[in-house]
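Two complexes are shown next, each including subunit A; its partner changes from subunit B in the first to subunit C in the second.
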Partner chain A sequence: MTITSFYFLCFICVGALVYYIVPKRCQWMLLLAMSVAYYVLAQSAVAIVYPAVTIITIYLCALGISKTDNKKKKKLLLYIGCIVSVALLILVKYIPRSLFGLSEDVAQSGAFSAFMIIVPIGISFYTFSLLGYLFDVYYEMGEADTNIAHIATFGLLFPNMTSGPIMRYTDIKGTLFEGHKFSYENFTRGCQRILWGFFEKLVLAERFARVANEIFDSYDNYNGLYIILGMCAFTLQLYTDFTGCMDIVIGIAEALGIKMPENFKRPFMSLTIQEFWQRWHITLGTWLKNYLFYPLLRTEFFMKLPKTLKEKVGKKAAKRITTYLAMLILWTVIGTWHGGAWHYIIGVGILQWLFIVLEEMMEPAGDRLVDLLKLKKDGALVRTLGRIKVFILMTVAFAMFRSLTVMDSLKMMGRIFSKEGWKPVICEGLLAGLEWYEWVLMLVALMIFITVQVIADKNEGTTVRALIGKRALPVRWIIWIGLIMWVVLLGFYGPGFSAAEFIYQGF
Partner chain B sequence: MNKKQFFQGIIFLCIVFILLSCSTYIVRTNGEVKDRFAGYYAEDKNSIDVIYVGASPVGASFSPGLLWHETGITSYPLSSNSQPTKSIKHLVKEAYGRQKPQLFVIEVRMFAEDLKEQEEDLAHIREVTDNMRQSPNRIRTINALVNDKKERYTYYFDIIKFHSNWQMFADANELKKFNYAVKNTDKGAVFSNEYMELSKGLPEIDPDMYDYMEAISTEQEEVLRDLLSYLKQNNIPALFVATPQFIRAHYFGNMHYIGSVVNEYGYDFYDMYSRPEDYGFDFDRDLKDGSHTNTYGSYKCTLAIADYINSNYSIDTSLSNESESDWQEAYESFVRAWEDATNNAVYVDSY
Partner chain C sequence: MTTEEIYEKLNEVFRDVFDDEDIEVNAETTADDIEDWDSLEHINLVNAVEGEFGIKFTMAQLQGFKNVGEMVDIIKTLI
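The block that comes next holds the complex of A and B.
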């Protein structure tokens, strides 16, 4: 039961109806019941065992930490909580992958399937959310909750089991456990966001996927512009797929009166890679920064390192090297989190670290060049070039992420410069993946998507939905009804289509 | 939520529902079955005297235009290709949604086929369900025909299946079907100028064969008996017919068996299959393939059924004379098809 399936929509409709009928104090209990039901329906009853173990462990450890003043005991409980949760994550997520590999044939094999039956969906997301709660209790940034059902609701919350966002207990508990009176505005805005998510996923991402799959799966047949096109298609697929999923998830929460943290803030409007990662999968970045990067910098090794290096390279460089080293660890963890294979570790790990470090090191040279060319640093041209740079670099990195191996990605990218030259963009191979009119539809939809992104970027502090809401009723209705019809008629779904699961669902 | 918002919400949902329903009708797969069903829903209320139900031979064998010209009886086929036998009962109910037919003519050929195959033949199940208008009866029909409960939603909301046909919005003929009601000039009939010469291959009919019976499958017999019980309980007048096709021994027995079951319930069975000589059927000229009649065959079958109905039933045609010009047009369409079959006959070597 993916969140774009018919049955999930029915599940949500019935759930939302009951949610607003039951007494407000029972709403969160209903959410817990729905989350458990979602787990059982989407996977199997057995799958619930894993989150249950993590929830019980984290609950007990957090409670233990809050009740003792003994620092050693606190630390021990923190370690127990971390080890159990991370061990389960590694056991069910990484060991099967490394034991059985990732190839399609192996994935279909009995052993892998048997393992997959009990791998709970969203394991990374609930593990990270629950660990964040434990850390907050440990660092006294939040209080331990004595009600295990609260922790279970927070850990299992069904909409964000697909791809997050990773929530912070202290931020969400207020909105999650307080009763919500039906608000027409919240409900309609939530539905509008869900609809926009469906547009991104079914109209855009699935079409980009056709092109990307065609080229990535048989890159030997392509070269030049085709490869570039395939790489761009995957970047756009990944973005629209992930942000579409987030819009559906956050939209569901909004319709129920729950405010979830944003996970995207128009990342391709970024001028640097560093800024990109502050706008892409924001909750993961924040989590890693709060619970990995800063604690890492506070370790004895990293505290001493600048002093050790100071004499050899100077104070400023020593500080930089220390930060870069901590960042390297951080980015390696991010890469590993995506799956542990080298193409993940390099593509969305080490390569990102390299981009950020190079960007920072080359910043003065860049500034000089801008001055030399007499351009404005915050002018339209420089900003546009910055955005193009981000798109190109991320496209290269995501191509590695999408390829089966690092070598595959290098071979594929090497074909951009092959001697066979650049053929015209439209060829039979591509048309086999997508008909010409599908191309037209895709490009029109992309234009709409970009326009919405630009409008949102220019209207910080409000939403495009709110802007539409200020328009006259006929205009609003034309927009929303038009969008509904677009998704229903032009979306890739239903029998005959195999709408892929959300890419980040696998993480 | 205040009253204004409540009513705005309701109106919004109604508009979306109407637009989706209309879009569903437009994007449904085009073709003769869609045209036939959309044509049925476009007929004036209570204007049809006789409704045919059954598989593809119905449209090929009976010409409503010709029947009207010969007898004044208005008729219309609710037929589809390889129509599953389980759907007949529901199509009879569907017919009562708009019409008060004085007689149903039910073609029985599909009762001789394997029921399990029919249940698995989703394409032909869809030909029935996806060509019905949205209604509670349509939901009941889907429940009866589609065994896989998890997949039924794609039948209830068939836009899920057909939305990829969005190019239909560029087709004026399909756009007209936004409410699934566009009159069909031929009144659902299918004409063909093709013919085959099949008499040489026919088996010799032993006189004993006319009494020979071969039971149909138990499952199909259950479906048939269920249909007959339903008709009888509701006092629905019906005539069961077997239309002509290439003769096979086991089919011969099957048809006689079906006839005996039908008679058991007090209904008539007109066996046009076993006794084609009675109405001058010519196996060298009247079939377009082994299973379907061409325009010549249609002419003979229509006249034969007209005779049979006139001899055995009293149909009051005074109730249905509202749109004579339509029926005249349907007849003229048949005449044109006849001329085409005469002047441009196409010999088909094999099928």
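The block that comes next holds the complex of A and C.
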């Protein structure tokens, strides 16, 4: 049951109806029941054992930490919580199932084998959210909750199981557990956001996916501009898919009166790669900063390193080397989080680190060039060039992320410069996987998407939905009904309606 | 140590960490007022402040400072 499926829509409609009928103090319990039901329906009753183990472990460890003053005991409980949940994550996600001699056929033969072969949905997301809660209790940045059902609701919250956002318990518990009276504004704004998410996912991402899949899966048939086209299509697919999913998830929460953290802030409007990562998958970045990067830089090794290096390389370089080393560890973890394979570790890990380090090191030279050409550093031209640079670098990195191996991605990118020359490849009447009118539909939708991004960027502090809300009634209705018609009639539903799966669901 | 003395020492630390001799902090100074004060430099700054005063902030304290005034209040409780 993906969140763009018909069944999921029915599930949400019935759930929202009951949510506003039950007494306010019971609303969060309904959310818990719906989350368990979603988990069972989307995967299987056996799969829920995984999050259940993590939830119980984290709940008990956090409670234990809050009840003792003994520092050693606190640390021990923190380690137990971390080891159990991280070990489960590594076991099901990163160790190939084939190591245990398990295959889909074996899974059919019994409950135990089935249990062993499952990769529970959202495991990275609930593990990180729950670990964050444990760290907050340990660092005294949040209180331990005595009610396990609260922790279970937080850990299992169903819209987040697909692709996040990763929540912080201290921030979400207020809005999650207080009752919510039906608010017409919240409800309609939530539904509008869900609709926009569907547009991004079904009208845009699914079409980009067709082009990207065609070119990435048979790159031997293509060269030159086609490869560039396929790579750009994947970058746009990944972005519209992920941000579309977030709009649906945050929109559902908004319709229920719950305020969830934002996960994207128009990342492709960034001028540098560092800024890009402050605006892409924001909750993962915040989590890693709070619970990995800061503690890492607070270890004795990293605190002493600048002093040790200072005498040899000078103060400035010593500080830089220390930061770059800590960042390398951080980026390796981010790459690994996406999957154990090298194309993930390099593409969305080490390569990003390299981009950021090079960007910083080349900044003075860039400034000099801007001065030499008598350009304005914050002028439109320099800013546009910065955005183009970010798009190109991220497209190269995402191509590696999308390819099956690092070698595959290099071979594919090598074909951009192939000597065969550029000629249109039309296979069975399709141009790179799409018919011509699909191309037109996709490009028109892309223009609308970019326009909305630009409007949103110029109106910080408000939303495009709020701006539309200020317009006259007929204008509002034309926009929203037009969007509904567009999604229903021109959404790309693929071979089966529920076939649309979010890329990030796998992480 | 008086509040003035704490600010005096803090100014030295800030100037050293951000490589800017013109920095003059007060209770209302925030990360927005100093160009290079991002999340990365924040940890470098905190580590340097700890070294200067011979104290140790908790993770909650170092993530909770909203301005230099709050940092000074915590320093006072630790020295």
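Before moving on, here are some points about what is shown:
Simple rule for what comes next: the second predicted complex is superposed on the first by the 471 of 507 C-alpha atoms of A that agree within 3 Å, B and C clash if a C-alpha of one lies under 4 Å from a C-alpha of the other, contacts with A are read in each partner's own complex, and residues count from 1 in each chain.
Quick note on the criterion: a contact is a pair of C-beta atoms (placed from the backbone, for glycine too) under 8 Å apart; a residue touches a chain by one contact, two chains touch by 3 or more.
Only a predicted model underlies this, so the values are computations on that prediction, with no experimental measurement involved.
Considering which of subunit B and subunit C touches more of subunit A, the answer is B. In the superposed model, A:6 lies in contact with subunit B only, and not with subunit C.
When the two complexes are overlaid on their common chain A, residue A:491 makes contact with subunit B while staying clear of subunit C.
By the touch criterion defined above, A:481 lies against subunit B but remains apart from subunit C after alignment on the C-alpha atoms of chain A.
Of the two partner chains placed by superposition, only subunit B is touched by A:184; subunit C is not. Of the two partner chains placed by the overlay, neither subunit B nor subunit C lies in contact with A:417. Of the two partner chains, neither subunit B nor subunit C is touched by A:436.
Touching of subunit A by both subunit B and subunit C, each in its own complex, is seen for no residue at all. Contact residues of subunit B toward subunit A in the complex are 1-2, 5, 8-9, 12, 15-16, 19-20, 23, 27, 151, 153-154, 157, 159-161, 163-164, 166-167. For subunit A in complex with subunit B, the residues that touch the partner chain are 6-7, 182-184, 188, 437, 473, 477, 480-481, 484-485, 488-491, 493-497.
Contact residues of subunit A toward subunit C in the complex are 139-141, 289-290, 293-295, 297-298, 303, 306, 316, 319, 323. On subunit C, the positions that touch subunit A within their shared complex are 19, 39-40, 43-44, 47, 58-60, 62-64.
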